[in-house]
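Below is one structure, written out as structure tokens, with a few remarks after it.
Chain nomenclature is as follows: A, B, C and D, assigned in order of appearance, with residue numbering initiated at 1 for each chain independently.
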Amino acid sequence: MSKETETEEKYNDFGLGDKEQAQGYRAVNKDGSFNIVKINVPFFERLNFFHNLVTMPWANFFFYIILGYFVINLVFASIYMVIGMENLTGIRGTTFFDQFMEAYFFSAQTITTLGYGQVAPLGLAANIVAAIESLLGLLSFALATGLLYGRFSKSSSKIKFSDLAVVGPYQNINALMLRVVNPQKNELLEVSADMSVSFKGKVSHLREFHNLTLERSMVFFFPSVWTIVHPITEDSPLYDMSATDFERKDVEFIVMLRAFDESSSQTLYSRTSYKAHEILWGAKFTYLGERKADKLHIDVSGLNNIDKNELN
Amino acid sequence: MSKETETEEKYNDFGLGDKEQAQGYRAVNKDGSFNIVKINVPFFERLNFFHNLVTMPWANFFFYIILGYFVINLVFASIYMVIGMENLTGIRGTTFFDQFMEAYFFSAQTITTLGYGQVAPLGLAANIVAAIESLLGLLSFALATGLLYGRFSKSSSKIKFSDLAVVGPYQNINALMLRVVNPQKNELLEVSADMSVSFKGKVSHLREFHNLTLERSMVFFFPSVWTIVHPITEDSPLYDMSATDFERKDVEFIVMLRAFDESSSQTLYSRTSYKAHEILWGAKFTYLGERKADKLHIDVSGLNNIDKNELN
Amino acid sequence: MSKETETEEKYNDFGLGDKEQAQGYRAVNKDGSFNIVKINVPFFERLNFFHNLVTMPWANFFFYIILGYFVINLVFASIYMVIGMENLTGIRGTTFFDQFMEAYFFSAQTITTLGYGQVAPLGLAANIVAAIESLLGLLSFALATGLLYGRFSKSSSKIKFSDLAVVGPYQNINALMLRVVNPQKNELLEVSADMSVSFKGKVSHLREFHNLTLERSMVFFFPSVWTIVHPITEDSPLYDMSATDFERKDVEFIVMLRAFDESSSQTLYSRTSYKAHEILWGAKFTYLGERKADKLHIDVSGLNNIDKNELN
Amino acid sequence: MSKETETEEKYNDFGLGDKEQAQGYRAVNKDGSFNIVKINVPFFERLNFFHNLVTMPWANFFFYIILGYFVINLVFASIYMVIGMENLTGIRGTTFFDQFMEAYFFSAQTITTLGYGQVAPLGLAANIVAAIESLLGLLSFALATGLLYGRFSKSSSKIKFSDLAVVGPYQNINALMLRVVNPQKNELLEVSADMSVSFKGKVSHLREFHNLTLERSMVFFFPSVWTIVHPITEDSPLYDMSATDFERKDVEFIVMLRAFDESSSQTLYSRTSYKAHEILWGAKFTYLGERKADKLHIDVSGLNNIDKNELN
């Protein structure tokens, strides 16, 4: 059994599209999402309110909160109307609309536990509904509190990958290099990287999948910029491959970064991919530092800068 | 000392039932729970309110919250009654029942810090009780807040195991394979698997326990489906065992999955087991992917699909 | 340089009392605390409110909350008194005491954001104080909320160690064994153990410190009971030591357990120690399981039970 | 390719200033911060409210909360003024200033959900604004709650490094040693240390970067003091270097500590650096323990004490 075959079988394991020979399939998008659609998932298995509420954009999140607030007050206002306006003190309105509005705002004052008291419940039914509504309000806002903070503490870090990777001279050989930057001031610690590649097998209908050895797979701290380097030694699956081979074999490099974010005490993951056309041959990234007085100035905007002199 | 004996002794270590020779004992259920009952545990050692409140079904959780709310208001209403209705302003009722209801809803308005004020405490005793009740309310709802969010963020991910495991051709040998799927949209990262087997020893009255080497014990990301493979090499404790041996030796395979859930920043664990009758010989799982345009469609409903052509 | 000397130097590293030759010093107590007193710590470096608030007994925690609530209302009541009762609406009292009480309860209604409104601020000064007090109240209860839940979710698991460790027959040799139990229903996962020993060196004035190799240092799950075993092989620092040597050399075994608690998604640590008089020679722990129908019954109360037949 | 060159290239990786030959550059300050300024970062990438709010000093944090509270009430008071005072009940003021103040405090009572009710909204517009304001208040204080607790639980531990490191006799060779102390009562567990050094290369214009092997890189618990030791063996990059070499080559030692804080269930990181002038040659740290009765007293104030007798 050849090593080749084994690798192909392994790629089969985790559903990244091993049987797709058509040119140009991309398993992982630049933003780290997968080009995978899960179909025929039963509705209740698919449901993950928490995930949705934590990952949706802020605008959507607030829209749903405001919508929920609007609707739930509508429901409770209707209940108070059904119970009858004579069971709320301080109602001034005489038309249906005015009374509904007063019931509506009484509901809002109850669910937020604001309770001005200019309107207040009278009698058993209205009091029971108000007691339930205030309990519901406390529990709902409890959930919103958690979600809001969960979202806020989560969105705190965004590592940026260079748009292109380069294959360029490294010591006596070539290396595949890409660059990452943390544009923010938060500390990222014990940052580790993993790189893998998939490409079409020589004879088989399956794609091959390989992990790539990195010159350094972990840095203890990540103050500004880090160049991730895969030296193309004889052991590398990229050995002897040319830019044309990259195109023809439809390579896809997947890079994953993991870091501990000290601000939030959370582990963060970031991911991207590079296809053949996103790899520049014979280039090298420009050095971004410049010393001024005691400080080293790092020009973060130069993340994608290529050292043209090194191009061959 | 043979390796056999050592293994048996080791199995003794963590109380999964090493001395049970009767056919059909299952240490781990399909849902991952253990067939173990702890007896003679002193009441106060057994108590773990937090665990109970976090793991009980949602219906029970809300039932206890509502029950607690109901009872605590009952208690405080009684206290206000004992102090006397003349110490609450705005009481309109004249019968015992009406006054108790007013005291009850005043309590509800106090514990939720709603405080309409149509009823309010007068005098030292009623004010002290109300001040204590509102403090108690804030602390209780603080706890409920935490529990609610803890539960909500916890229940976010459910990995599914295939109902059956298969023993089928893998490269030049056989392998034991099972499949897992993440039906939801949340990202699971650094997913690692461990598999072990227990079976009756050849001569001893004890069960043997072995870890099984996996072809791949970790995947960096888990976009859809992962086939977990134990190749039955010469080093495997399953080497030379047949389907009949599986039955006779009463095998039990225990699989454990660990994953980092990016939504909740929590580590999740999932577990199941396979007994002899849940293992299909000479089969292979069906490939679930189909490429449509840019996307790979994964048919999650086919988790248990067996490739019939491969059956022998 | 002998291995012995190196070990002694190492023990020097972390201040567990390497120069103490007097018989009977115990670095770690049975409950896991250290027999260490840090002296001459500047007041502000020693301060750790969070640690104190999280680890103090519940009774103390609630005492401080109630005391804080009492005192802060006293302070604000005094401020309202200074501002003048004419700046609060609805004050009925005429004596100093009555007015102070009304101011006091108005403060309580403000800090909890209860706000009945039977008393309300009038004029700039009283309104400013009330606005500040309600902000302070929200922030204080925010902190109390976090602490309360932090404490509640923390206190969820208590692993129990056997009172005694035993040195008894294990396969063809002796082993040092102790037993741990999780009496509760919460799942503990990836439980790992570390054991070390310290004893008086042969010739030196320093204590030696050694890590002890465990037969199994990690279990993936811990459904009930786990026997932690250090086989006393030729490589063990305990090799050829007798019960008398244990006494004479003043051995101290320190055991540390780490586990992931699924309920709270937290890593838990537990620790204890065994001195010579807490080690029973020639004994073995009793097997605690009994199968009843489908279930294995584990008699948790037998944690310390020794198999007398094995005593020699 | 020499090992030297490889090392230099590696140092290039993570932007700590590899091309700076000028004497005296310090990559990491004593307090663990980096002497790095990120320039040309687009405004929106630089933004990290969460990081800022979690790491700013307490005084600033409270200043922003109070400022926010002040400003938001100003905004809402203005809105209520625009809507018209006739839409609030209980307004007593007749001048603009008095009315604005009443609107202002009504806003404060609404956003904190205090709701005395002596002033209350009348009519659609005022009610809508009040309903929105109370919702906004609940969400804002939710965020403040999370931040407050996040900050409070975070600031719980401060490991202290010795001001100086020493190079002194260790067994038969020399070692670089520094000392750390945990002055507080919280338990730090599984404390691990990493040390690295950078210095000017012999011939190149680049700085070299090396990890240093520690005698012990992890301790399971850290009750008081830990001496971190790098033995200067033949494999050490410091081998044969003198105090003068340290100065001339402009060495910088970077030490990183990681610990699990049991109080907060969080992983803590701490970092510092030592330049040539902060290293004392031929010295040894003083032993800090003294046994009194059952306890070992550790004199934490002696963290920097050097054993003068050992100086040579």
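Operating definition for what follows: a contact is a pair of C-beta atoms (placed from the backbone, for glycine too) under 8 Å apart; a residue touches a chain by one contact, two chains touch by 3 or more.
In this text the structure is predicted, and so the values were computed from the model without any measurement.
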item	value
Set of chains adjacent to chain C and to chain D	A, B
Interface residue identity across copies chain B, chain C - same or different by half	different
C-alpha-based rotation, chain A on chain D, 0 to 180 degrees, nearest 5	90
Furthest chain, CA centroid comparison against chain C	A
B-D against A-B, pair bridged by the larger set of C-beta contacts	A-B
Whole-Å gap between the CA centroids of chain A and chain B	25
For chain B paired with chain D, centre-to-centre distance based on mean C-alpha positions, whole Å	36
Per-residue multi-chain contacts in chain D, two or more chains	113-117, 145
List of chain A residues in touch with chain D within their complex	65-66, 69, 73, 92, 101, 104-105, 108-109, 112-118, 141, 144-145, 148-149, 152-153, 155-158, 160, 170-172, 183-187, 189-190, 215-216, 219-227, 229, 260, 262-265, 287-289, 291-292, 294-302
Touching residues (chain side chain A, partner chain B) in the complex	1, 5-6, 9-10, 12-20, 22, 25-27, 34-42, 45-52, 54-55, 89, 110, 113-117, 120-122, 124, 127, 130-131, 134-135, 137-139, 142-143, 145-147, 150, 154, 194, 196, 256, 258, 266-267, 269, 271
In the complex with chain A, residue positions of chain C that touch it	113, 115-117
